[in-house]
Amino acid sequence: MDTAVYAGTFDPVTYGHLDIARRASEVCQRLIVATTNTVTKQPLFSLDERTTLLYEALKELPGVEVASFSGLLVDFCRSVGAKTIVRGLRAVSDFEYEFEIAMMNRSLAPDIETIFLVANPEYMFVSSSLIKAVASSGGDVSQFVPPEALDAIIRRLAPRL
Amino acid sequence: MDTAVYAGTFDPVTYGHLDIARRASEVCQRLIVATTNTVTKQPLFSLDERTTLLYEALKELPGVEVASFSGLLVDFCRSVGAKTIVRGLRAVSDFEYEFEIAMMNRSLAPDIETIFLVANPEYMFVSSSLIKAVASSGGDVSQFVPPEALDAIIRRLAPRL
Amino acid sequence: MDTAVYAGTFDPVTYGHLDIARRASEVCQRLIVATTNTVTKQPLFSLDERTTLLYEALKELPGVEVASFSGLLVDFCRSVGAKTIVRGLRAVSDFEYEFEIAMMNRSLAPDIETIFLVANPEYMFVSSSLIKAVASSGGDVSQFVPPEALDAIIRRLAPRL
Amino acid sequence: MDTAVYAGTFDPVTYGHLDIARRASEVCQRLIVATTNTVTKQPLFSLDERTTLLYEALKELPGVEVASFSGLLVDFCRSVGAKTIVRGLRAVSDFEYEFEIAMMNRSLAPDIETIFLVANPEYMFVSSSLIKAVASSGGDVSQFVPPEALDAIIRRLAPRL
Amino acid sequence: MDTAVYAGTFDPVTYGHLDIARRASEVCQRLIVATTNTVTKQPLFSLDERTTLLYEALKELPGVEVASFSGLLVDFCRSVGAKTIVRGLRAVSDFEYEFEIAMMNRSLAPDIETIFLVANPEYMFVSSSLIKAVASSGGDVSQFVPPEALDAIIRRLAPRL
Amino acid sequence: MDTAVYAGTFDPVTYGHLDIARRASEVCQRLIVATTNTVTKQPLFSLDERTTLLYEALKELPGVEVASFSGLLVDFCRSVGAKTIVRGLRAVSDFEYEFEIAMMNRSLAPDIETIFLVANPEYMFVSSSLIKAVASSGGDVSQFVPPEALDAIIRRLAPRL
């Protein structure tokens, strides 16, 4: 694999995301971790904020670039010369959703392949939304997100606490 | 089976829905494909628009009628003399939700039976919501929805693109 | 639906099977409940014994016939003029297996449709194998199987107890 | 188990919840059934209303107290001296979500254990949201919720019907 | 909970089993970890060997006893005065099987409740059968089983290597 | 990815396997498709026969080699200089099993990564065991396996038909 794209909302980036990014960076020569907006979810952080947090978390991982995009993932892949989409799998319900997305992307771009990596078990229950829910109730989430993301969560949620 | 009802939001109708409707029409004498509103989802198209798109897509299938209703599905079934509810199954998560609905309908109307049909594998990843998400990002969804629904999606989403 | 086939190993027939058979008999005009041998499982009862137990349990259900067959289910369906296969769904793992079988049967015989019915919740945990395991440990399974099947289980398993 | 907490939104309490509460009260000496607010769902009833309905439904069950709380569940557990969290399991999708929550709570409070109980099959398809959807379409839900909750649903939803 | 039973084949005991036993011992006053034979699986170790390995692994856990039994689990529970069955959950497929067993046990003994505990994520992929498969191919499984079980596996499988 | 290994029983190779092998060959420079024996399943074809059928089916795919091995997959990977294991995912139950295997392999060899590819929907219901079951009942499986495998199945199963 020459170039691969690992895309997500990353609202914000977690150690689970970093685990997948690190694994993916070892099976491809160039990995672009790219954040985007989704129609269904209103993010806590703006696209710029999420991209910056991603950059801070990944800047020392060799062969990894950070980007943001709008529009279709397969169009973004083509614009950066990537033939592979990387996705992280956590659980069974993930798998079904991921399968739908992978099949749709294959229909839209048969030349781009999706590969799935599995996060370490210790990160299987770590999702950005659960972390935000815990943090908004005053829980300590420092073991699930990198320091910059932790600071950003605390600053953003503090007025609500 | 004399009369059966295949109900859904159909926002809009997809080739996956048509596949189920065609299969159902072969195992019953009269099939009513009926669109309705749901509490949880704000549809992209109005009930009238969805009914019209359904009618256009199904008008040449013999033994199939199109309708819309409000209220409980089991009440609608009784009003049209149907003893059978048809549902399409795509995936495991579908199944759990469908099971809940089927059991609830059985509690409300023990004389009405729910039967499940399975869509063709090529339609397993085709959901109205994924299609709308792809179309809203500028993706080509012509292979997933009939021509009239495609036109309607493009006209509705164009101002947002 | 004119004629439908509800096939299985029925080793032996349970109240869960009878629940599905009764429901199926209400949505089709003629239902053939047919027992067969499987490659993978060594049954406790012979094909003849299972067919007899099935017959005893179903003989008063109008519109229902009992049969046994060897070979492919779709070939049996054709031989009796059935265009519909009935399957009972209990759980998620059932669903996946059933989906595989349904797709395979559709490939072998595109003109024959599979419909799924859902057993009552009270029968969701009732499988022939669990019943046999319980009975072989001396447990009372009279609430799960009809009287003739209960007698047969007790007679068959008694020497092992 | 000395003291356990069974927490939820209970919007409103159902017979499924009561089944779990009764079972839990038999395996622990003191059970606190506690309602709370969630970030993601806008409840039909206020926290006070839900607590009152819970109290009415549980007041005759020995060893059971009713409470409400805000903030983290594990903090509430500590404040009442509970070392055990009770959760009800209905289906596979429940399980995955519950697993995430249990692991997160274990990270936040390693000394508090989560135990799962399984509702009776007859309550497996009974969720507060499905009940509200049925009631809002005019369906009779008296077999799923206790009388006070039924009254409350009817009064609340009547203006919309 | 006064007395609870945690039963299984334990062929042999793994650190995953020990994790569940330790957690269960903290929510009940007396825990009996009991090994048994199953109809379907031919164990690698005899009932005596499995009981001995279990005893070695658990002898220092306060409030925990080791036993073996034949026949129905609910009968064993009654014979030792236990009102609670403890089961460990690892994955979704576990859950379905466990649900069946729990419902069957509830039918056989309505006064005995089953509670489920979730193993730590690091043990989620640790099953006795996978460990035996790996060991039989010469893999090092010392991180998954206690020392005595490791020795027993090596001695038993050595002649096959 | 320089070198990857796609391992399985391949008893015999199906078009589903070939779909995964072709996809994998496009995301890595060298792909070794390797057949092995499993402890639990008694194969229909010998290791040599399965390897030969695999070779016939794959000989024209550039960058793909065929091999067989015994012992641990991770040891085979090391012996051929592969840092990546390729697995095909079909369904939810696959996923759980695959997850267990992937975590175990990661424990045994942290430097080797497992990636998952998803087969085309048309192959989702195609498993070697289902194909053998259908063929042994006289069904036509020519659309699921390559010609050499079809011949081998017919020759092997003919005496039983």
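Per-chain numbering from 1; labels A, B, C, D, E and F assigned in written order.
The criterion applied here is as follows: contacts are C-beta pairs under 8 Å (C-beta built on N, C-alpha and C of every residue); 3 or more make two chains touch, one makes a residue touch a chain.
Treat the numbers as computed from the prediction; the structure is a model and nothing was measured.
> What chains touch chain C and also chain F?
B, E
> Weigh E-F against B-F on C-beta contact pairs and write down the one with more.
Result of the comparison of E-F and B-F: E-F.
> Measuring between mean CA coordinates, which chain is farthest from chain A?
Ranked by distance of C-alpha centres from chain A, the top chain is C.
> Can you tell me which chain lies farthest from chain E, using the average of the Cα atoms as each chain's centre?
When every chain centre is compared against chain E, the largest gap points to B.
> So how far apart, in whole Å, are chain C and chain E when each is placed at the average of its C-alpha atoms?
Taking the mean C-alpha position of each chain, the two centres sit 33 Å apart.
> How far is the middle of chain A from the middle of chain C, if each middle is the mean of its Cα atoms, in Å?
For chain A versus chain C, the centre distance works out to 47 Å.
> By residue number and range, which residues of chain F touch two or more other chains?
As it turns out, chain F has residues touching two or more other chains at 92-93, 96, 99, 102-103, 121, 124-125.
> Strictly by the criterion at the top, what is the full list of touching chain pairs?
A-B, A-D, A-E, A-F, B-C, B-D, B-F, C-D, C-E, C-F, D-E, E-F
> Flag every residue of chain A that touches chain D in the complex, lowest number first.
91-93, 124-125, 127, 130, 132-134, 136-140, 143-144
> Within their complex, state which residues of chain D touch chain E.
1, 23, 26-28, 83-84, 89, 92, 95-96, 99, 102-103, 106, 113-118, 120-121
> Under the stated contact criterion, what part of chain A meets chain B in this complex?
38-40, 70-72, 74-75, 92-93, 96, 99-104, 107-108
> Using the touch definition up top, name the residues of chain B that touch chain F in the complex.
For chain B paired with chain F, touching residues are 92, 121-122, 124-125.
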